[in-house]
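Both complexes below contain subunit A, partnered by subunit B and then by subunit C.
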Partner chain A sequence: MEVYLGIDVGSVTTKLVALDGSNELVTYLYLLTQGKPIKMVQQGLKQIKQQLPKDADICGVATTGSARYLAGVIVGADLVKNEITSHAVAALQYIPEVQTIIEIGGQDSKIIIVREGIVIDFGMNTVCAAGTGSFLDHQALRLDMSIEEFAQRALGSRATVRIAGRCTVFAESDMIHKQQMGHRIEDILYGLCQALVRNYLNNVGLGKDIQPPVVFQGGVAFNQGIVKALQEELNTEIIVPSHHEVMGAIGAALLVHEEMVRNNNGSKFKGFGVSEVKYHTSSFECKTCPNLCEIAQLSLNGQVLARWGGRCDLWERSLSS
Partner chain B sequence: MIKVGIPRALLYYQYYPMWKTFFEELGAEVVISPPTTQIMLSSGSSRVVAETCLPVKVFLGHVLSLVGKCDYIFIPAIRSVKKKVYNCSKFLGLPDMTKAVIPESPSILDIDIDVNKRKRDLYQAIYQLGRHFTWNPFKVRQASIAAWQAHLSYIQLMSSHRLTPPQAIERISGTLEANPKAYSTHSTSTQGVIAIIGHPYLLYDEHVNHRLIHRLERFGYKVLTPEMLTTEGLESATARLVGSAYWTYEGEIVGAGGHYLENGADGVIGIMTFGCGPDSLMMDMVRRHAARLRATAFMSLTVEEHTAEAGVVTRLEAFVDMIQRKRRRQVKVCV
Partner chain C sequence: MRLGIPHMGNLYIPFKALFQRLGIDYIIPPVNNQRTLSLGVRYSPEGLCIPFKLTLGNMIEAAELGADTLLMAGGTGICRLGYYANTQEQILHDLGYEVEVVQVGVSERKLFGLLEVIKRLSNNAPWPKIISAFRFGLAKLNALDKIERVVQRVRPVERIKGTANRLFAKAINAIDRADDYDTLKKVQIDYIDQLNQIDKDTQYKPLVVGITGEFYVVLEPFSNLDVESELGKLGVEVRRSTFVSEWAKFSWFLNPLGINEKDRIHKAALPYLKRDIGGDGWESVGEKVLHAKEYDGIIHLAPFTCMPEIVAQNIMPTTKEKIPVLTILCDEQIAKPGMLTRLEAFVDLLERRRRTYNNDRQ
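For the complex of A and B:
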């Protein structure tokens, strides 16, 4: 069976998906990155191998997400793709008539504007991570509830509580203030959802032509409170695809399928064996010029596989020669 | 020989050949600071409050790097170079601010340039500047005429040969032949054309913009910049988009953006610094124009002191993908 793997290593979660030759989802995984991207990619490969049928033949692998270059070297990716393109391609696969894609992940949030199947504009959060998954997680933890419970209870809100959502620091102090004034926790939670949605639309969505159908993907789309708040704010139906949390990985798999068909080369996939190998990472400060770049390197058995982080190509070049 | 230091920052990219000619005609030697590095940026920002804008921090870093290397530092206060159009306040107070925060700076040669005043005042100011080198007003006059000529031919060189300011400066100083790589823009482009707009001190400072031009060229794009347009082309585009702009260099940014959105580019990228008021207004005008036209892709990138390379790289990759996929689709439709 023809299989295309998409691996999305984000700041908070690592996603792996396997698509078959007709782009149907065979299986997928959703893991916490826990600050260990290499280990999670290895573990993910090991796990997904068990979930795949025996006759699975890996015809292409693509990586995406903020650790896409690192993951790409580890697995031997045929394609390393940015998350914006990946998310857009995945959304278009399931909802071809989509015009707006909202994606909120652990550390970043994006908006992608599509017209007639083509991305025409996009935006990403710049200096501010307010309203992303990590902040919601943090608030759930502070209130001693799981993120699932957070979402459920937010839906039980009956009265409006306004929370300042411009900045997470203010949002948190505002929430505490409201809680100490005796507001119901459900109302505060939903107030926070509304604040985050407002912040997202004023920040990432600023100046973007948001038209329905609107698709909402990424881990935060699990949160029904946010979905409801988005629905109210945009006054339109919000479509949450059934595999919204792995859409980035699906997009990467779709793209590598497209790429392999076009190039007709064999996959560079290093095999599931890489999950057993011990990779070593280290870093050093380059002193060649006054920029003092921090160079990170990935090595295997004393041999350096890849280097990143330089402002110039010096270290990448020294590797290839 | 008297050494005059010129910081490779802010207005350097617009006026360097003019300044260099002026001082050299008067018998001085010109010293430029090296390209921006992290150490220069950190040393510059350590002198000012956090809210100061990035380009000024970079500028101060360049001034600091010239300490001990020259007798004078040239920091003009360029208030206005066009009637009723003014510069951002950071240019107005630049010599005074530098004096205040870098007391160890070599003596500052400053000059007020304001074309809204009488012509006589401008000539007087130039003469005052020249007096540091000669008592002979005739020599100062000669030097300023030569400087103006150098400026005109610099601008002409950039628009006629489609050169960026650093390329044109290299060419004028004769170092280009030794380094043919600088011409790579013209040979390797296969994917299309991307125009970049923004202040020259952002577009050509590779440290600040994370090697933007280099990255786009590596993706296979030919890169166009505002300087490659003629002054007339730029002014007519500006007039169409905003009438007249209150801020000098902002008008040029809008004009270049408008021009490239309408013709000659597959995509336009606007670069601005976080917290720059005029930029945020002007870039929005370009963005609105792009939204109205719906023909050319537009993206604005904001840089600041702590901008991580990853953010810039991801956006550039996505932008380039957007152009490529759109084009591939159009080809399919045609077939």
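For the complex of A and C:
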């Protein structure tokens, strides 16, 4: 069976999906990155191998997400794609008429504007991570509840409580203040959802022409409180695809499928064996010029596989020669 | 007196030639680097823009090397830049450097401001000598910009990425070393020749992206995280009309033919922005309108907190000339991975758009 793997290594979660030759989802995985991207990619490969049918033939692998280059070297990716394009391609596969894609992940949030199947504009949070999954996680932890419970209880809100959502630090102190005043926790939680949505639309969504159908994907789309707040604020139906949390990985897999069909060179996939190898990462400061670039390198058995981080290509070049 | 100058791209090379020819004792601080930025950020008010912080860093590094007089752009009616030289001088005094910051007006379209300052700094050198030194500086400036235009064309199509950049670095050095017109001419021809001989993929039709925005961040690669080289690596051809030589031509000389590229850009912006709003905001809007047909996309570079460019940023997506615009805000907080993600996504967007609209275009 023809299989295309998409691996999305994000700041908080690592996602792996396998699509078959007709782009149907065969299986997928959703893991916490825990600050160990290499280990999670290896563990993910090991796990997904067990979930795949015995006759699975990996015909192409793509990586995406903030650790896409690192993951790409480890697995031997045929395609390394940014997460904006990946998300757009996946959304278009399931909802071809989509005009707006909202994606809120662990550390960043994006908006992608699509018209007639083509991305025409996008935005990504620049200055602040207020309104992303990490902050919601943190607040749930502080209130001693799971993130699932957070979402459920937010839906039980009856009165409006306005939380200052401009900045996570102020949002937190405002929430505490409202708690001390005796507001119901449900109302505060929903107030926070509304604040985050407002913040998202005023920052990432600023000046963007948001038109329905609106698709909401990424890990935060699990949170029904945010979905409801978005629905109210935009006054339109919010479509949450059934595999919203792995859409980036699906997009990468779709793109590598397209790429492999076009090039027909055979996959560079290093095999599931890479999950057993011990990789070593290190970094150093280059002192060749006053820029003092921080160079990061990935090595296997003392042999350097890849280097990143220089303003010039001095270290990358020394590798290829 | 020992004269120091802050950096902006390769502008130090023509200035160096000018100072040498006039026998001015000068010091060129190290090119922009991490230390320059750290120094500038530490001693600047936080809300000021990256050009202020980097030039302050340059001035501190020049003062450390013994400079007691510093040249800085200034003038009225531009933006906060009008206050920069005075503010920087004050900061340098507070840090204990007994330096004078001399302003060169860049807002007036006159050559005279700079020449008068040079006359003073050269201890009243005779005018013919000043003019001749200035001409030689301009010749170096022109050579640099001519070579850079070729580099911009080669980067996206070269087979071995980085070849053009390495040649460009060598060319900059050679131009710096050239001390007469003949050598300069030879260097220019030689390097343009070498650049043209680089092994290229002739079948490949690169996307064309225009770079516009605030003058300093467009011209100083350290402040825009080498956006042009990164686009080159992604196989994109960069075009920009902002070159110091162009600006010098139209700003310092009274153009004999009365042709002014800037007027053309301003006219294009008129339906959306009727007047100068300081900085280069008017030009940013105008360039988008003017080049919407020939470019696949526009990258708009703006310093964080730059008022004129924020105005331009909000006008640009609304013009009826539809062409994708990506604004990149440059400051000390900008992280390269985040910028690369946006650049890659932007290039994907342009690529898919071109694939779809290709038929309409032909």
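Here is the rule we use: the second predicted complex is superposed on the first by the 321 of 321 C-alpha atoms of A that agree within 3 Å, B and C clash if a C-alpha of one lies under 4 Å from a C-alpha of the other, contacts with A are read in each partner's own complex, and residues count from 1 in each chain.
Keep in mind that, in the parts below, a residue touches a chain if its C-beta (ideal position, glycine included) is under 8 Å from a C-beta of that chain, and two chains touch if they have at least 3 such contacts.
Bear in mind that the values here come from a model prediction, so they are computed numbers and not experimental data.
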{"item": "Subunit C versus subunit B on the shared subunit A, clash or fit after superposition", "value": "clash"}
{"item": "Touched partner set for A:S66, first subunit B, second subunit C, both or neither", "value": "both"}
{"item": "Touched partner set for A:N265, first subunit B, second subunit C, both or neither", "value": "neither"}
{"item": "Partner chain(s) touched by A:I120 [first = subunit B, second = subunit C, both, neither]", "value": "both"}
{"item": "Contacts of A:C289 with subunit B and subunit C, given as first, second, both or neither", "value": "both"}
{"item": "Touching partner for A:G207 - first (subunit B), second (subunit C), both, neither", "value": "both"}
{"item": "Subunit B versus subunit C as contact partner of A:T85, first or second or both or neither", "value": "both"}
{"item": "Touching both subunit C and subunit B, counted on subunit A across the two superposed complexes", "value": "66, 81-85, 117-122, 124, 126-127, 207, 289-292, 311-312"}
{"item": "Residue ranges of subunit A touching subunit C (in the complex, touch as defined)", "value": "66, 81-85, 117-122, 124, 126-127, 207, 289-292, 311-313, 317"}
{"item": "Touching residues on subunit C, where the partner in the complex is subunit A", "value": "30-31, 33-35, 161-162, 165, 226, 314, 317, 324, 329, 333, 337-338, 340-342, 344-346, 348-349, 352-353, 356"}
{"item": "Residue ranges of subunit B in contact with subunit A within the complex", "value": "37-40, 206-207, 210-211, 274, 284, 287-288, 291, 294, 297-299, 302, 304, 309-311, 313-315, 317-318, 321-322, 325-326, 329"}
{"item": "List of subunit A residues in touch with subunit B within their complex", "value": "66, 81-85, 117-122, 124, 126-127, 207, 209, 289-292, 309, 311-312"}
